[in-house]
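What follows is a pair of complexes built around chain A, which joins chain B in one and chain C in the other.
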Partner chain A sequence: MKRTDIAIIGGGPAGLCASIAAAKMGAKVTLIERNSTLGGQLVKQTHMFFGSQKQYASTRGIDICKILDNEVNKYDNIEVLTNTTVLGMYEDGVITLDCNGSYKKMLPSRIIVATGASEKYLPFANNDLPGIYGAGAVQTLMNVYGVKPADSVVMVGAGNIGLIVSYQLMQAGVSVNAIIDAAPSIGGYLVHASKVARLGVPILTSTTVKSAHGKEYITGITTVKLDDKWQEIEGSESYLPCDNLCISVGLSPLAELLWQIGCEMKYVPTLGGFVPTRDNHLKTSIDSVYVAGDVAGIEEASSAMVEGSIAGLCASRSIGLTMTDYDKVLADYIEQSNSLRRGPVGDKIRQGLAQVEIGGQTK
Partner chain B sequence: MRIEQHPILTFPAGKMVKFTFDGKELYGKEGEPIVAALHANGIKVIGHSHNKHRPRGLYCAIGNCSSCLATVNGEPNVRTCITPLCEGMVVTMQNGKGVIK
Partner chain C sequence: MIQKDGIATQEMIDSITPSAERRSKGPVAVVECFQSIPCNPCYTSCPRKAMKELIDINDMPQVNTDICNGCGVCISHCPGLAIFVIDETYGDNQCLIKMPYEFTPLPSEGDYVTATDRGGKPVCRGKVVKVVNTPMQDRTPIIHLVVPKEFSMIVRSLNINDIYDDNTYICRCEELTLGELREYIRKGYTTLDEIKRITRAGMGPCQGRTCRQLIMNEIAKLTGVKPQDQLMSTFRPPVKPVKLGFYAQEDTDNE
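What follows is the complex of A and B.
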């Protein structure tokens, strides 16, 4: 059976930074990604990122992806396996892989799970019609493959992702008929909202989808207004034509592997659903398993990168590796992650994390 | 339809290859996911569900949801959103569970 020091599952910003940090510590790293390319969500983010300078704020997601990819390539002790899906994680520490169609086993000393998240869905009549896509799917089609998903779109969700993808749809020459959101106010940042509003896109709050219309393919939707108790207001229905309904109502951690190996999980709505408990070194309830990024709680690429670095350093330290200034570098990353979560925007995240953080520091 | 002009991105021309969908001859870029090639040709309904025969198409585009299953070169239940297009591929709409030959 193949052995490695640290297996990192998922090649998004969290997994890439974890690989780089562990490689700097001298660990033999195996980075495993199911797609043919590294980058995770970054490969479709054409906008300039918000966040702090240390995490490449004002750089486009696609460019951050290239920077990290190049960095990974510099290390001989990082082996990258693309087109490889981790199928299972077992109590004895063995992980099983579908590597380009062939089945393999691996025994790493430590595992860092950085599998990201998947998009949430909404219940409404006819929600299975073709033409109803996740916002990430629409982004993938247009920003990665250069294919228009549709001609006219209604976006459900006025959070940052909904607003950004609406703008990107217009850049691709697709019209956005409206953005609707069940909440009474816009969830995303004002800069993003005003960008689309300036282009004439109505943002309808306290509004949700009642049903989709069409036989083989979506042709329009019926919206309905909600009162302050989130109940439908009778008679407030209205019809909106579209040939695509884009769903952007949040993400939930892709945590199946953590469940399978038996990590302690807690339901924390502000972090996106069930997330693993962990210490401040991102070690889960299982000593050999670390987490980083959206799978540990839905946040942003900036925090995913910092968490990746922390997990990479600490997992390596736990197998006896070190480097000059280890304590200083780690303390700096921990301070970065705290500072990203400061202020009112980080309120919910901090409250969520307080529920899942266990114990003090482990060395 | 393909995006002709974009303020930020450019898309490499790529090699166009021939494939078929339900017998109809189409062209797509080699290596792009089958579902992208189908979308570029205006095809968005890829199958029908096995109980109620409801139409099915793309949803997640990253291989998570199994909404985009089709039969490819005779193999049923292929996720067309993560399967690269090759010259001469025979893609057929999958109705129901598909048949393993």
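What follows is the complex of A and C.
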């Protein structure tokens, strides 16, 4: 059985930053990624990031991916296992892996779970027709594989992902017939909404998909308006043609491993569903298990990166490692994390986090 | 309402419109960011410190229009692509709008495009006078678009297709489209008469009253020869189409 100081599960923005922070502290890090390359969702994020310079604001996700990947490669004490999926986490701290088809066991001193999230789905008639995709899949087809996924799309969901993927579809030469959202107002950043609005894409709020149509594949959908109690308004149905329906209605934390090992979980809708309780060092109810990124609550990638750094530092500190200015560096990350959530768009995140934080503002 | 359709209201636009006095002095940045979000590259990228310091990263951007010289560095740094530069001193009745444009194909200098508003609706024809696309812009090219001055705070995007697309009719009598006309001009038919002879445009019922000016303008656009310098076609009777038999009549009025 392999031993390591810190196993980091997930090579997205949170896991990459956690690995770098832990490696700086001198920890022996094993970074485990189920895909063949590191980066998680960054590999297809061709848009510029928000935030400040410390979180690579104005830099495109694909470029942040390269920066973090290069940084990881600088450390001899980071071992990267790609094509490797963690199958289970057990009470004795052992994790089991499918490593390129071979079964492996590992006993890390600390585990940082940074598994990210999966896309939510919607129930409606004929939702199994070919041509109905999650927005993430469409973004992968376009931006990773260079495949034009459709000719005309209706996007369901006006959150940041729905708005950004709509814009990128337009960049790929796909027409976006409409962006619909059941909520009465746009969930994503308004600047993203304005970006697609000025390309002539109608954004229809209080509108949802009632059914999809088509025989071999989708050819259109029926939409319906919703009243202020989210009930369908009779007679408000309308037809929208499309050969691709893109579903972007939010993300759910990928928390199965945390459930397996017995972390305390709480249901917090504003964080995306069940999330682990944790202290402000990202330590869960189990001393050896830390979390970072979307698995701990759905947020922007900038927050995921900062959380990764905090978890990497604190997990390393808990096994007796340290570095110059440790306290100062940690305090800076915690301040970055707070400042990203301080504004009105962070209201729901702050309220959600208040429900899952163990011990309030511990040191 | 912007929360419902992504389009800023007139009230919001008014709140960020530089004063008429400032606009009359030259280029200035217009930041169309109407929501407090954690983001600050507009402030950090400004070489002149014309953006009010964002003490909290969630503060809203504010341009000091006395310091801003409209250089446009912030345009490509804004992750929300929400910054534009307007210059109402560009020409007597024209203004220049610098806008981010992340689509291919990029328009070329000299191209006419359809200038659109915040909802993507066509406003007017615009002329691309410059395309700035260096490593500094990091794949967010900046288009310099010239439109009539009254649209400086209205035009915010462009459609690379000219407001007159290839299927637009130039001569309805003889069914000549703009696309066909452009093709002939590119082939070397660069005078009104040459176009008339190859396409019959001008030989129909209206005798060129619809198409003549349009053809001359298009020749001017593609060859650079202004209408006043082009060869005018030869005018011969009759000024309207008449049947041959008409001329076979004898004028019996022998005064």
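The rule is simple: the second predicted complex is superposed on the first by the 359 of 363 C-alpha atoms of A that agree within 3 Å, B and C clash if a C-alpha of one lies under 4 Å from a C-alpha of the other, contacts with A are read in each partner's own complex, and residues count from 1 in each chain.
Throughout what follows, a residue touches a chain if its C-beta (ideal position, glycine included) is under 8 Å from a C-beta of that chain, and two chains touch if they have at least 3 such contacts.
What you see is a predicted model; the values in this text were computed from it and never measured.
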First, second, both or neither for A:142, with chain B first and chain C second: first
Touched partner set for A:216, first chain B, second chain C, both or neither: first
Which superposed partner A:48 touches (first chain B, second chain C, both, neither): second
First (chain B), second (chain C), both or neither touched by A:171: both
Partner chain in contact with A:34 - chain B first, chain C second, else both or neither: first
Which of chain B and chain C A:331 touches, first, second, both or neither: neither
Partner chain(s) touched by A:119 [first = chain B, second = chain C, both, neither]: first
First (chain B), second (chain C), both or neither touched by A:130: first
Chain B versus chain C as contact partner of A:200, first or second or both or neither: second
Intersection of the chain A residues that touch chain B with those that touch chain C: 60, 171
Touching residues (chain side chain B, partner chain A) in the complex: 1-9, 11, 29, 32-33, 36, 39-40, 44-46, 49, 54-64, 67, 81-82, 84
Interface residues, chain C side, partner chain A - complex: 2-8, 32-41, 44-45, 56-58, 77-82, 102-104, 116-121, 138-140, 156-157, 159
Contacting residues of chain A [partner chain B, same complex]: 34-36, 46, 60, 118-119, 128-134, 136-138, 140-143, 145-149, 171-173, 215-217, 254
Contacting residues of chain A [partner chain C, same complex]: 47-53, 57-58, 60, 170-171, 184-186, 189-203, 205, 302, 339-346
